[in-house]
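After this come two complexes, each holding chain A, first together with chain B and then together with chain C.
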Partner chain A sequence: MRAIATFLYGRRGFYLSLLLLPPLLWLGTVYLGSLFALLVQSFYAIDEFTARIVPNLTLATYRQLVSHPANVDIILRTLSMAVAVTLTAAVISFPVANYMARYASPRMKAFFYVGVMVPMWTSYLVKVYAWRLVLAKQGVLSWFVDRLGLAPVLDAALTTPVIGGPSLASSYLGMFVVFVYMWLPFMILPLTAALERVPASLLQASADLGARPAQTFRNVVLPLALPGLAAGSVFTFSLTLGDYIIPSVVGAPGYFIGMMVYQQQGTAGNLPLAAAFSVVPIILIAIYLSLAKRLGAFDAL
Partner chain B sequence: MTPAIELAGVSRLFGTLRALDDVSLSIAPGEFFALLGPSGSGKTTCLRLIAGFDRPTRGKVLLDGEDVTDVPPYERSVNTVFQDYALFPHMSVVENVAYGPRVRGVTPSERRRLALEVLELVRLGGLSDRAPSRLSGGQKQRVALARALVNRPKVLLLDEPLGALDLRLREEMQIELKAIQQQIGITFVYVTHDQGEALSMADRVAVFRDGRVEQLDSPRDLYMRPRTAFIARFVGSANVIEGELAKSIAGESRPFAIRPEVIDVLAMTELPPAGALGCEGVLEDIHYHGATSRWHVRTDAGPVLAAVWPESAGAAGAPASGSRVRLAWSRESLVPLEDR
Partner chain C sequence: MRFSRNRDWNRASFGQKLAAFAGLAFLHLPVFVIVLYAFTTEDRTYQFPPPGLTLHWFEVAFGREDIWAALRLSLSVAAVATGMALVLGTLAAFALARSRFRGREIITLLFVLPIALPGIITGIALLSAFKLGGIQPGYWTIVTGHATFCIVIVHNNVIARLRRLPQSWIEASMDLGADGMQTFRYVILPQIATALLAGGMLAFALSFDEIIVTLFTAGHERTLPIWFFNELFRPRERPITNVVAVSVVLITLVPILAAYWLTRPSEPESK
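Then we have the complex of A and B:
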């Protein structure tokens, strides 16, 4: 044992590569490899008669993806939902994260961390189905809203075109609520971590120099929290773009990208189209990240 | 004249801990005022109350005769240089300095002009577009100073501003800070735990202990006439003689302070000057500091007394470590202390 330790101690590079080899193999072959395979698949042709995949490189699948109005609809619908969910999650998370990072006593902070994490220990499917019941026409939420005397507000929301529907459980509004609920921890945790890294003396310095609290928030807190917001929003954004369970259990019948991928590679057996659909979120995230970078979200890292 | 700052019976309690206990003091306009004390003595709490980051549990804070006890920091004409500098990492040097004018609605070109002017004052003109992360400790310190001065505050608060700098830079900055203060003529309130810093820079010093001001005096009076044993030890590193030793030397049982530089160390063969007080002991160890050496002598009565031996007296004929020596001093050099 000692001989091995001595041998490794003097050979740092060898030691590090020994440690890194298994994860790099996994990441390189299984993860990136399959991603690359997916990318290649999306350029394969499909024989229209036999429905077999022919390894001839073609752009036909992508042409189909962007020229078919139904497909464009699906992409735009998913994208709008992802944007709405991300913005809402950010707005809801900020006060919580700010409280956890700056004001909570250690006990309270632990309580909040557990509170944020516990829902993630429960089965994802159970939560989605539970939400369908909560949002149902005779469900807990509509009963509660009724008790508060706010039924007209709910009715008004449900009669709004596009986001409305016969009940919350069968409307985009309800789906949106479930998405926000599901991904909220993924926004709160990185945002809390980012805010914790902002020293209290910076906020005091800002106030000391004459900035009112709103100015301090805009000029100091928000710019320094941007890396956390960027990290959190990548989670909420990409999780919404790729999810197929929530849209199939809750909400209006319109298709989402994840459902298309599921359907095309399963029942429809059109792997190239499924692959092309799953490339869409990758491209959208790449665009989003480059925008965030240009806005300076990572300057404070 | 209305004092620039006045604390009237200010207490600050954290739970049962009295961080400040009924402190009253008033600071004149243009004064360089130091708050000196060991850590946890309440000096920083005092500064935070003046800045407005904290509110007193009891008592009032007045700035320029006006009660600001409940006024938030962004409405006080007081600015702070923070111990950790607290520079905004996402802004360049000039943006940091221009922050005060910016939140007050000064136009971009005008606030840039103001910022560059103050950066010139702290001799940082060439670094205006650097990011704070690419500055040295001393440069960060100057940016923090410039940022606090750009608003032309009536009072500048400095919270151990030189604590993180190395000795040489610290001495340089002490001289420069003092020069800047005299040049712009605003009130400086300077928190430090370094008594040398307080004595060399301040016009007056308030020495804090356990949330109270133990003594408030000019540096010379603090050094020459300490009122208590704590002040004598903390400010002057003086010997405190009390109990049996005091009785045997001075004939009184009250405590006395005696500064190391007034104690003569004599070999046993030498006779003390006529009328001198003194005692005998064993030279235990010698700390060499260059210009002087500090000698620790274990007196026969028990306590160790420190004496200073100037290098100019020469090493020849100096008693060796471990030898018996005679200590002598004049009656006038004994400073009587409050007995408590």
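Then we have the complex of A and C:
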């Protein structure tokens, strides 16, 4: 054993490849191989009479994906939700991240850090379920809304076309709240890290030179926080695009990409269409990443 | 967002503080709700506030064999997946921590991809591969899916620690006559032990709780999250679901907090 170890220390390249081989083999075959299989499946199509998958490469499934207005609606609906969730998460995260990065004492910062980590790591499914309890008709939220005399506001929101519904637990508005909640920590943590790197002297200089707080925010803080916002938004955007649990548990009637993928491979038995649908978020995420890169979001990372 | 006008740069204004704490409170709201509802006496609706509190549902849940079976499966899958991830993830971290070689960027990308892409992609991709390969979904397909993202977690944890380990220590050890095995055993391993433990616990918690990939790879097996997911659409037994929810939170929270404590940045590390 020792002889082998000494032998290896002298031959660095060989030693490295020996270390790297097993994990690389695993991710290379299992993960990349599966992604390839996914791509292959999406170029298969289902025989409409026998409901069997025909293993010939064809574009028929993709044609089916883009030619059905309902499918296009699903993609646009998911995309709008992802954009709305990302923007809102960024807005809500800012005060929390800013306080953590700039004002909190070390002890308070640790408190906030754990305070963000614990809900983030709490069981995903349990959190979704908890939101059902919160949003239900007789649930926690409606009780508070009644007590605070805000019932007309809630009713107005629920009767608004598109975002409304019979109750918060079955409306796009409720689903949106749950999405924002779920991915909020993924935005807060990178944003805090980015804001921590903004020197306080820059803000003082900006103020000394006569900038109003809003100007300082727009011209100094925001550009420097951009890498953090970009990193966080990659999570919020990509997680919303791929999720199928939240839309099916806190459900509005409309379908989302993830639900289509899950339903098509399951009850519908159309694995090719499910595969084609799941290629959509990959493409959208790739476009998003290249856009963010062009805007210089990753330059400071 | 506003900055206080009084130029007292170390103090947050009341509004800023309030917004920060409100954000934090928002994050904790569902956790409190779950704890509260586990004790409610109401068994049909989501009525709030609960009309009364009871421990009865814990007793009922403890007597349910289907829950125990699902729990055992989840623990077993998490243990095996974590074990595989500890070996493979650590190997990768050692190989990638300090080396420079062509293609390193691509390999690094490969080691973040399973958590960078949404879980549903991993799930449907694995299922496509199983279908193409004629593999019947079951216990080992669940483990395969979980191990894939657990490797990434362990790799991230270990590589972060290895990068902080001064290279000079290893050189000093070798100069003083230790061979590779001894250096590993007495210098490197003690330094990365907590990172291994933390990475393992995070991987375990993540696997224990995973639903998005698992629903695609489980076949007829029922892990605890799958049991829970099915229960959400069969609302007959809400009180039992509530009890399981609280138990799951506790089971995952312990390793998470332990992992945080083991890797917290303020840890006095012998430099």
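Assume the second predicted complex is superposed on the first by the 274 of 301 C-alpha atoms of A that agree within 3 Å, B and C clash if a C-alpha of one lies under 4 Å from a C-alpha of the other, contacts with A are read in each partner's own complex, and residues count from 1 in each chain.
Basically, contacts are C-beta pairs under 8 Å (C-beta built on N, C-alpha and C of every residue); 3 or more make two chains touch, one makes a residue touch a chain.
Every value quoted in this text rests on a predicted model; they were computed, and no experiment measured them.
**Q** Identify whether chain B and chain C fit side by side or clash on chain A in the overlaid structures.
**A** In the arrangement built by aligning on chain A, the partners chain C and chain B fit side by side.
**Q** Classify the contacts of A:P23 with the two partner chains as first (chain B alone), second (chain C alone), both, or neither.
**A** Touch status of A:P23: second partner only.
**Q** May I ask you to decide whether A:L195 touches chain B, chain C, both, or neither, giving the answer as first, second, both or neither?
**A** neither
**Q** Does chain C touch more residues of chain A than chain B does, or is it the other way round?
**A** C
**Q** Pick one for A:Q204: touches chain B only (first), chain C only (second), both, or neither.
**A** Touch partners of A:Q204: chain B and chain C.
**Q** State whether A:Q215 touches chain B only (first), chain C only (second), both chains, or neither.
**A** In the superposed model, A:Q215 contacts chain B only, not chain C.
**Q** A:P223 in the overlay: touching chain B, chain C, both, or neither? Say first, second, both or neither.
**A** It touches chain B, and chain C stays clear.
**Q** Would you give the minimum C-alpha distance from chain B to chain C, in Å, for the three-chain superposition?
**A** 5
**Q** Check chain A for residues that touch chain B in one structure and chain C in the other, and list them.
**A** 204, 207
**Q** For chain A, which residues are in contact with chain B within the complex?
**A** Residues 199, 201-202, 204-212, 215, 219-220, 223-224, 296, 299-300 of chain A touch chain B in their complex.
**Q** In their shared complex, at which residues does chain A touch chain C?
**A** 1-2, 5-6, 8-9, 12-13, 16-17, 19-20, 22-24, 26-28, 30-35, 37-38, 40-41, 53, 92-96, 98-100, 102-103, 106, 110, 112, 114-134, 136-140, 142-143, 181, 184-185, 188, 200, 203-204, 207, 213-214, 216-217, 234, 238-239, 241-245, 249, 258, 261-262, 265, 271, 274-275, 278, 281-282, 285
**Q** Where on chain B does chain A make contact in their complex?
**A** 51-53, 72-74, 78-80, 82-84, 86, 88-90, 99-100, 102-104, 147-148, 151
**Q** Once bound in the complex, which stretches of chain C touch chain A?
**A** Per the touch definition, chain C meets chain A at residues 1-5, 7, 9-12, 16-17, 19-20, 23-24, 26-31, 33-34, 37, 45-49, 87-89, 91-92, 94-96, 99, 101, 107, 110-111, 113-114, 116-122, 124-129, 131-133, 144, 147-148, 151, 155, 174, 179-181, 184, 205, 209, 211-212, 215-216, 225, 228-229, 232, 241, 245, 248-249, 252-253, 256-257, 260, 264, 266.
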